[in-house]
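After this come two complexes, each holding chain A, first together with chain B and then together with chain C.
== the complex of A and B ==
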């Protein structure tokens, strides 16, 4: 409301002084046209100004700073930052404890394949004509809408000794399967990866379903006339049509596996052999006060994700899908 | 006239001004304090505190009222309770705007103190009045005064220990373990005889408080820099980590350490589901309050010394909690100093927190009187001149970092799985320490 009022008075004031300010040379109608055309050309840039300005301020400047910190020994506080070259990067790749976190990522990579398989399975089923389709979709997608920290807390209580899962197993006579789900170092990473799969399957599912539903129904009809069964339809129509989306899910899966954070951070705080790359980076920066090394780790993660994306683009080119 | 033209011009202005406002917001904020550098306390003061609970329950409002009553020219005291104090304040210290009075974060190293904090006086002079100034002093100047002194030992639920038939303080680590076993056998503590707080791992660092008390050696930490093998059966470090290992290996701790819960543990020890935790004396009021809220008797919470005797006496290390310091960029240092002095002398904070007063002749709180009559206080000696940062350097270079709970987490992992014996762990720690000493040039 206030902006409207002030722009109105602003207009009045501007109108009063307009002839002197904008056209000191006189009344040339052509000048007005040129001016407004110039402003019109400027308009999109003005619209870009604020978002790009915010991006520069809040994303690109910190990233540039991060590159600078990564070659210093800064502790996050000191007034002086000593340049130490590539020492931090050497440390990232030589400290065995830093390398172990990549091994933990493998659990999540495997998890992301399971997640894609599950999502494809549900998407295929729900692309057929079935009752209460939207309800099933909602149920499957819902976990993705829950905040990651909340999911961590939910599963913390579900998996703790004597918690929900143990109770279910006890009541169904499967006591022998009860484990310390996050306490047993041999199982902890599987448990956490499973929680991650539970959370993200919904998103992958919706991506797949959207792609499947965009397939022209005439193709199915034609296939049915040719005597194709459901399996043939899946293998020869659905899968090839959604290949770019599968590729996308693949990149998201790999880069997601490298940057897993919330779930293991909330559930185990990275203890018991469940430390992931990002947990270690955060710990390095804020517990060990080695901001330089932590920045180097963050840069490495960034490069890894870029590399995976590039590799994926090379291996699975985004060709036009041709079903005829 | 030409509405479009003006609108775009206005928009450009709006865009530019909002960007300006954004950048201004980042650099502004400091410099609006009124006051003077010398003379009587007056004007406005900003105090940062880690005790958000005391801000919320109004305790700080009372402090501010009393302070303003004493110094009527002080117009305003803004108390900012900061959650995640260490991390937040450390980040804020990269600007000039971190309050006038604040607790010095633990990650500030002694040689950084003069960059960020105003010297409060000569250490030798101030030591006539205050205790535990070593931590936050550098080159003879003191930069902070502790708000309260803690003693280190073991927090326990007296009722549960007595129900298990243990009425005497254990005098050595083996006796301590036997007592825990007795509690386990009696079944009184349904969750655990000893709670590790493994998940909120910082609580494991509290065991560091036993250093010096085990062998009654106020130079223990300094001597760690002189040896390649700090972890032995007899040494303080060995006793501390050995006790943790044995307690975990013998099943005297909670069944699944990865699901421990700090907030919940306060209630558990209050009502007796947990019998024992190793924490500084600062934890006593919190645990008693949580127990009381759950319907238990707050006087069940009691404190015992480190289970080790030298010449038939228990010892405990006393040291300062958070230290209050003055922002070197403060515009109102006289008032800031008045707040610190008032807080230590007149606020009654240390007694209310069941701690020792930072004043040399300060009172002993009632809850610690029994404990204090049985133990001798030790104050750890400062590092010799020129070697102030040696311990930290070795600690970091070794990759162990004794103040960081990480190595204790893996110690507990190993104790549970049996992957490594105590001796193997000690050998590993000793070899890392020796490497750290070599790297740090000790």
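== the complex of A and C ==
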């Protein structure tokens, strides 16, 4: 996301400064008439008609509507929507059932930090010379490619009483650690967050690895001449040069944690205190027909995500990270 | 000291690999066991008969997975064609033309990258419903091709590497913009198209939220909701569920083994959108 900004706008700046090469309008040889010139001026608009049309219809209209629904008592069916002011928002922040989803998100936020730490560790050791590099990389990454429903079922099977994990604990003499992994409300969120870590570490890892491998090798060589060890390299070369990617993983992690759906939905359906923001919003909107209240929840979620993105951009300014 | 850290490195890799592979391996074991065997043996015990494909047959036929694969391919096929045209057209217009409102369009696309689709579905649902597409595969096709800013971004980025002299030469020869788009831009965008096909293909194959929300009829369901439906009637038959899970994983595994390099590249370039 961060690079998107620079790339789109960077391109605009570049285009503005260079002579207008790409503007064939009116310069075309071969007797083009007035009608054709107008057609040529219209060309970019014609090409953008459908993309921008869909963007407005499927992204911007829902966002605007959502803000409008959130201040009404609409049930999703009624012809009239009654304006009720901030009532829905008050309910979002006062009903303990609604507040609980924020608490549940925290488990996934912590999970995403664990995931980043693991990814950073494995990316660092796999960027150096190591045997069977591709095999390790493949194993760590593959879970990310698996269908979320399949992952939910795989771990229901693994964590069920008497399942794989319990058997392993039993065989290693750790019976005392056995729990109702997804059934006990005190444990369930830890288990589900751990499953999320299992699922997403691979992607974060591959992103970090790609960034580390694109560091100019001369920098390492210079550092080696200065007598730097692997630890110095990590702190003074690797970490600073992959900061933008770490920042990106951070945003993806937070917004991902707030919008977790599949894993808890498939594994517990939100029972045992594992209901997340999206599960609750979907339940409200489509089972209870409280579209107004659900929209208020969704607006709050959207604002959280925007806030995190904004904060991240303030904290990690892009231009500071260029090492070379 | 050196060998100690080296051993520790390999040890952590082995532990991580076990954590990754064990839950998957137990599903493989389970999928080959008979119902009796599944209940009477421990999860770590390998199946007696590695050629017992009965669960696979049950899962595939009774779970309607053939139809589900067909639906997934159908949705993917239509959505990917739309995505390619939308992405390429946007990139062409934004990179090769200067026009009034260009900055506004760029801004709109940029801002949209910040809005996670999950958050707006409550309202998007009303639009899909108003279009009369609820319950139709077209709802998913439209959403997959119309809200994919990442793909557009990949095309815009790649477009800059296609030399403008190519279009200029064609213009001098009298080619119109439509011909330039189809005969020069699209063929030159092939690497970007390949990247988008891979990430989008995996994304659509794994998408659960949208089909769960919009497709209520089992005959229109893609693979992920079909697999989710196993939780109901086969809720206690873990050997059949295991086989269903394996059937969904195998195509992705095969793809991964053959296209590893492209998949890694696709995800690193796609994720850093």
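List of remarks:
Throughout what follows, the second predicted complex is superposed on the first by the 276 of 324 C-alpha atoms of A that agree within 3 Å, B and C clash if a C-alpha of one lies under 4 Å from a C-alpha of the other, contacts with A are read in each partner's own complex, and residues count from 1 in each chain.
Note that a contact is a pair of C-beta atoms (placed from the backbone, for glycine too) under 8 Å apart; a residue touches a chain by one contact, two chains touch by 3 or more.
Note that the structure is predicted; figures quoted are calculated from it, not measured.
Of the two partner chains placed by superposition, only chain B is touched by A:188; chain C is not.
In the superposed model, A:43 makes contact with both chain B and chain C.
Judged by the touch definition given at the top, the superposed model places A:306 against chain C, while chain B stays out of reach.
Between chain B and chain C, more residues of chain A are touched by C. By the touch criterion defined above, A:175 lies against neither chain B nor chain C after alignment on the C-alpha atoms of chain A. Once the two complexes are overlaid on the shared chain, A:287 sits against chain B while remaining clear of chain C. Using the contact criterion defined above for the overlaid structures, shared-chain residue A:221 touches neither chain B nor chain C, since it reaches no partner. Using the contact criterion defined above for the overlaid structures, shared-chain residue A:143 touches chain C, although it does not reach chain B. Of the two partner chains placed by the overlay, only chain B lies in contact with A:77; chain C stays clear of it. Of the two partner chains, neither chain B nor chain C is touched by A:232. The interface of chain A with chain B overlaps its interface with chain C at residues 7, 11, 15, 22, 40, 43, 50, 54, 57, 76, 286.
Chain contact summary for the complex, chain B toward chain A: residues 1-12, 15-16, 18-19, 22-23, 87, 90-91, 93-94, 107-109, 112, 115-116, 198-201, 255-259, 396, 399, 401, 404, 406, 409, 413, 416-417. Chain A makes touch with chain B in their complex at residues 7, 10-11, 14-15, 18, 22, 32, 35-36, 39-40, 42-43, 46, 49-50, 53-54, 57, 75-79, 95, 97, 156, 159-161, 180, 182-183, 185, 188, 267-269, 271-273, 283, 286-289. Across the interface of their complex, chain C is touched by residues 1, 3-5, 7-9, 11-12, 15, 20-24, 28-30, 40-41, 43-45, 47-48, 50-52, 54-63, 65-66, 69, 76, 118, 121-122, 125, 130-131, 134, 136-150, 153-155, 157-158, 162-164, 167-168, 171, 198, 203, 206-207, 210, 245, 248, 252, 255, 259, 261-262, 266, 278, 281-282, 285-286, 291, 294-295, 298, 301-302, 305-306, 309 of chain A. Only residues 9-10, 12-13, 16-17, 19-24, 26-27, 30, 42-44, 85-87, 89-90, 92-99, 102-103, 105-106, 108-110, 112-116, 118-127, 142-143, 145-147, 152-153, 156-157, 160, 164, 167-168, 171-172, 174, 177, 181, 202, 205-206, 208-209, 213, 223-225, 227-228, 230-231, 238, 241-242, 244-245, 248-249, 252-253, 256, 260, 263-264, 267-268, 271-273 of chain C touch chain A when the two sit together in their complex.
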